[in-house]
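Chain IDs A, B, C and D follow the sequence of writing; residue 1 opens each chain.
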Amino acid sequence: MKKLINDPKTVVNESVEGFGRAHAGHVKVNPEPLYVTRKEAPSEGKVGLVSGGGSGHEPLHAGFVGFGMLDAAVPGAVFTSPTPDAIIPATIAANSGAGVVHIVKNYTGDVLNFETAAEMAEAEGVNVRTVLVNDDVAVEDSLYTAGRRGVAGTVLVEKIAGAAAERGDDLDAVAAIGNRVNENVRSMGVALSACTVPHAGVPSFELAEDEIEIGIGIHGEPGRHRIPMENADGITDRLLEPILADLAPAAGDKVLLFVNGMGGTPQSELYIVYRHAVAVLEAAGLVVERSLVGNYITALEMQGASISVLRLDDEMTELWDAPVNTPALRWGM
Amino acid sequence: MKKLINDPKTVVNESVEGFGRAHAGHVKVNPEPLYVTRKEAPSEGKVGLVSGGGSGHEPLHAGFVGFGMLDAAVPGAVFTSPTPDAIIPATIAANSGAGVVHIVKNYTGDVLNFETAAEMAEAEGVNVRTVLVNDDVAVEDSLYTAGRRGVAGTVLVEKIAGAAAERGDDLDAVAAIGNRVNENVRSMGVALSACTVPHAGVPSFELAEDEIEIGIGIHGEPGRHRIPMENADGITDRLLEPILADLAPAAGDKVLLFVNGMGGTPQSELYIVYRHAVAVLEAAGLVVERSLVGNYITALEMQGASISVLRLDDEMTELWDAPVNTPALRWGM
Amino acid sequence: MGQTLDTAWAVRWLRASAAVIAENRVALIELDRAIGDGDHGENMDRGFTAILEKLDGEQPATPGAAFKLAAMTLMSKVGGAAGPLYGTAFLRAGTAVGDAAELDSATLVAALTAARDGVVARGKAEVGDKTMIDAWTPAVDAAAAAAASGEDPAAVLAAAASAAEAGAESTDPLIAHKGRASYLAERAIGHRDPGAVSSALLLRAGAQAAEVAA
Amino acid sequence: MGQTLDTAWAVRWLRASAAVIAENRVALIELDRAIGDGDHGENMDRGFTAILEKLDGEQPATPGAAFKLAAMTLMSKVGGAAGPLYGTAFLRAGTAVGDAAELDSATLVAALTAARDGVVARGKAEVGDKTMIDAWTPAVDAAAAAAASGEDPAAVLAAAASAAEAGAESTDPLIAHKGRASYLAERAIGHRDPGAVSSALLLRAGAQAAEVAA
């Protein structure tokens, strides 16, 4: 394992400290317990948005703290959901009195820790709603599993719900639009290589030189199928097939196409995937109205990518286009 | 070699095609010969900025085409400078009559191809000035070499010269500020792993599990020294030492600190490097006024980073802060 | 045998748990790497190391206070799925024993049952779902049987630990229906559930801490 | 021997060059990977493949026209350092031979000299800098000597090729002062310069194309 780190035990704290220094114009870092808020939090009268989860997915979530997106983010240890003692003060810091929406990726750990934190924050007088993100179509038979994982769709939920909060929607409305995004987005990922969790020191799984994992999550978990290496167009087809089967869009539907890198894949390759994905969606009669391509929710240095397709309605498009000013996503200001 | 590609021969064309589709609001792609311009080029009355070089450094250069930065970019084959037959039409497309500045990284291939193109563009009536970027302090004894390489400082030259062109500076003034940035920036890089050029199919060099290369360029070239692995703070010290020795800033100087990822290193690690770099610069009495952290000039999927320090003056800071709206760098609009 | 377990035992148990988790940190990471995300050993070790630090600072007054100290520390230090689950287990156990100074076999069984029920309440897992419940439920059943046949608390704990160890082993051939391993479907077969293993380790540490007393 | 080289030879040379570069594509990549960026074989192969395509479409009228066709194609297809350098070499050679239909030994030496001078004008390298000039300059010298002692063009080219091959070998122990290899300082020692090797390959292909004619 070779990493630009000092000590596996201090990776998250040092990294978030550096992040806070580099983006002092956007954010404030509370070191103990560790959470990140907008520089001026809470925003008077606005519903607060808080997300969090294991670290190792940067820029998610702290990179999305700022105008038009999150009010606070709670980074856990690498791939380990944060604990209520950090989520609670982050929730309180994000609350201006209008209540707080927790955006939670559907993993047992995240769900349980945010659930506990929400209960305790409610006890302290904060109204909390939870939007559970579960967009990963790699998880089949979700009746017999912990349910679909929350993956790249989370970024879209945070952006669109964030814009709704910014324009002044109330607590239930912000949660409702967050849920609507989640209901209309599907994602699927592929890994060409595993990643190495700092404290583990060895890769999360082994892939032969001619194998890839289809249906991986964002934690270096093994995927559902291991198949021989294919070319980019073939892999893109494999990722889009279950997405479209599950989303079942109608011809003429407008969509947002999000090609996300897992951290170790060059941008140039993401655009090769994007190129074919657009062609497949257009061949299916869809209109690719908006796009996002880049490393937005990663799994450390894993090589691979995910594709997400979000069925847009006019309100979602308007909220997507609304100004956003965070360290990792910025336009309109 | 595992990559999300279809064919080593079509990597650049397909990737730039996808890029053009994803950023159709910003850019226009000319497929043959391959170059990228702003969607509406040239900009009336404005000095044009053109850069280019081998591909594999994405988002450089095409990711920086847009308001406040480049007017056109010319992507060559992977790690191979583009040819005059592409540079010439890109130069002409960027020219509104006010002339064009070529921003060229100091590599024999880039210099020779841009030189030829500039000559031929001049013959077609375009006034061309060239800003040669050579910020890499890893190259010692530049009298006995092809001279210092142009590396991450290029991004800063493109941003600041781009803002000068946007505010209406004339040809010589834009070239002058570009040169001023180059004279005040120094960079140095480290590789934890090599990268694999698609057509080569094997890594550009071999590093043992406990070795790193100090003083690498951005083409997977071996560096100047190979040393045993060190922790992030130690590596940061090693990169900053020759930068500060060469830049020789005075206490109280204001600087921009740029920590750049080589493509395969997670953002979290870049912030760990940034954290210590700030501390070192502050200990040297410098004021870190502006920062940039991320993958802006890469070497395919190489794991590693570079640090650049730019000594700022008020004009440079103002031009740095000026609005920019490109696929890879955006603020203020 | 009328022997009971006191606060010293509870503290010994927590310290012994910290030691055995530290020893098995890498093994638990490896188990989790195979069918999860490779952090279970790290998470548990972080939590129990924090418990040791807490215990150096404050002396719990009763076994129940020791359990609650553990609960709060695990809840705030472990994270992931295991943090809230073990936190709830210790919290419910603490509530079950109240402020009793000493625990007899019946109280011990009540504590173990409450702990298990707490995990089920939070995680909704059943036996056979390939989770820590596959260790806890047999452990609770064995403890209840031992107590019913008049065994002392040390023997009750020993019975629970043995049943938990067998329960952990029983997860090998299973497909998981809860937690991260559930995403793997048949690919989880042949791997032991890390949380079931850590549960068995904790119960065995409790039994051994009781033996010393006996 | 009064034998001269005609347009058919020039075309044969370019086609043979394309073949030998394709054959040595991987070898040139490997040489460049060691002390450069691993693209020299790819670049040259892309250029000469394009020359073959051009030659399938148009028939140059003179050797000079063939050289200029090669120059333009290399300039626009190769990129990197080698593209402009080889492009200039062929361009200057084409200019040196004018529109002569046949080249005698003296004209050939003039063409080789102009080519080498073109590379030096663009790249500013001297012998010993570990570049293609380490092949070109001995080749030009050997060609001039052969011509002076009355050899025919085929023999002049053979002498140039042998000298270029020796020149390429002579780069092994050198530190580079131009091109990417210069960044490596002493670490370049022990590696052969890829551009010197490709230069020797091209000159040998020219000599062999001339032998067929002889």
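In the analysis below, contacts are C-beta pairs under 8 Å (C-beta built on N, C-alpha and C of every residue); 3 or more make two chains touch, one makes a residue touch a chain.
Being a predicted model, the structure only gives us computed values, none of them experimental.
Peer 1: Which chain maximises the distance between its CA centroid and that of chain A?
Peer 2: Farthest by centroid: D.
Peer 1: Compute the distance, rounded to whole Å, between the mean C-alpha positions of chain B and chain C.
Peer 2: 55
Peer 1: Starting from the mean Cα coordinates of chain B and chain D, work out the distance between those two points in Å.
Peer 2: From the centre of chain B to the centre of chain D is 33 Å.
Peer 1: For chain C and chain D, let me know how many angstrom lie between their CA-based centres, rounded off.
Peer 2: 76
Peer 1: As a quick test, compute the distance in whole Å between the mean CA positions of chain A and chain B.
Peer 2: Centres of chain A and chain B (C-alpha means) sit 29 Å apart.
Peer 1: Show the residues in chain C shared as contacts by 2 or more other chains, in ascending order.
Peer 2: Not one residue of chain C touches more than one other chain, so the list is empty.
Peer 1: Touching two or more other chains, which residues of chain B qualify?
Peer 2: none
Peer 1: Name the graph shape formed by the protein chains and their touching pairs; answer line, ring, star, complete or other.
Peer 2: Chain contacts: open path, no cycle.
Peer 1: Any two chains that touch count here, so list every such pair.
Peer 2: A-B, A-C, B-D
Peer 1: Quick check: in the complex, which residue numbers of chain B touch chain D?
Peer 2: 33, 54, 76-85, 107-109, 112-113, 115-116, 138-141, 144-146, 149, 197, 199-200, 202, 204-205, 217, 219-222, 224
Peer 1: Going by the contact rule at the top, pick out the chain C residues touching chain A in the complex.
Peer 2: Touching chain A: residues 29, 33, 35-39, 42-43, 46, 75-85, 122-123, 176-180, 182-185, 187 of chain C.
Peer 1: Flag every residue of chain B that touches chain A in the complex, lowest number first.
Peer 2: Contact set of chain B toward chain A: 1-7, 11-12, 14-19, 21-23, 55-56, 58-59, 63, 192-193, 209-210, 212, 229, 231-233, 235, 263-276, 278, 291, 293, 295, 298, 300-301, 303-305, 330-333.
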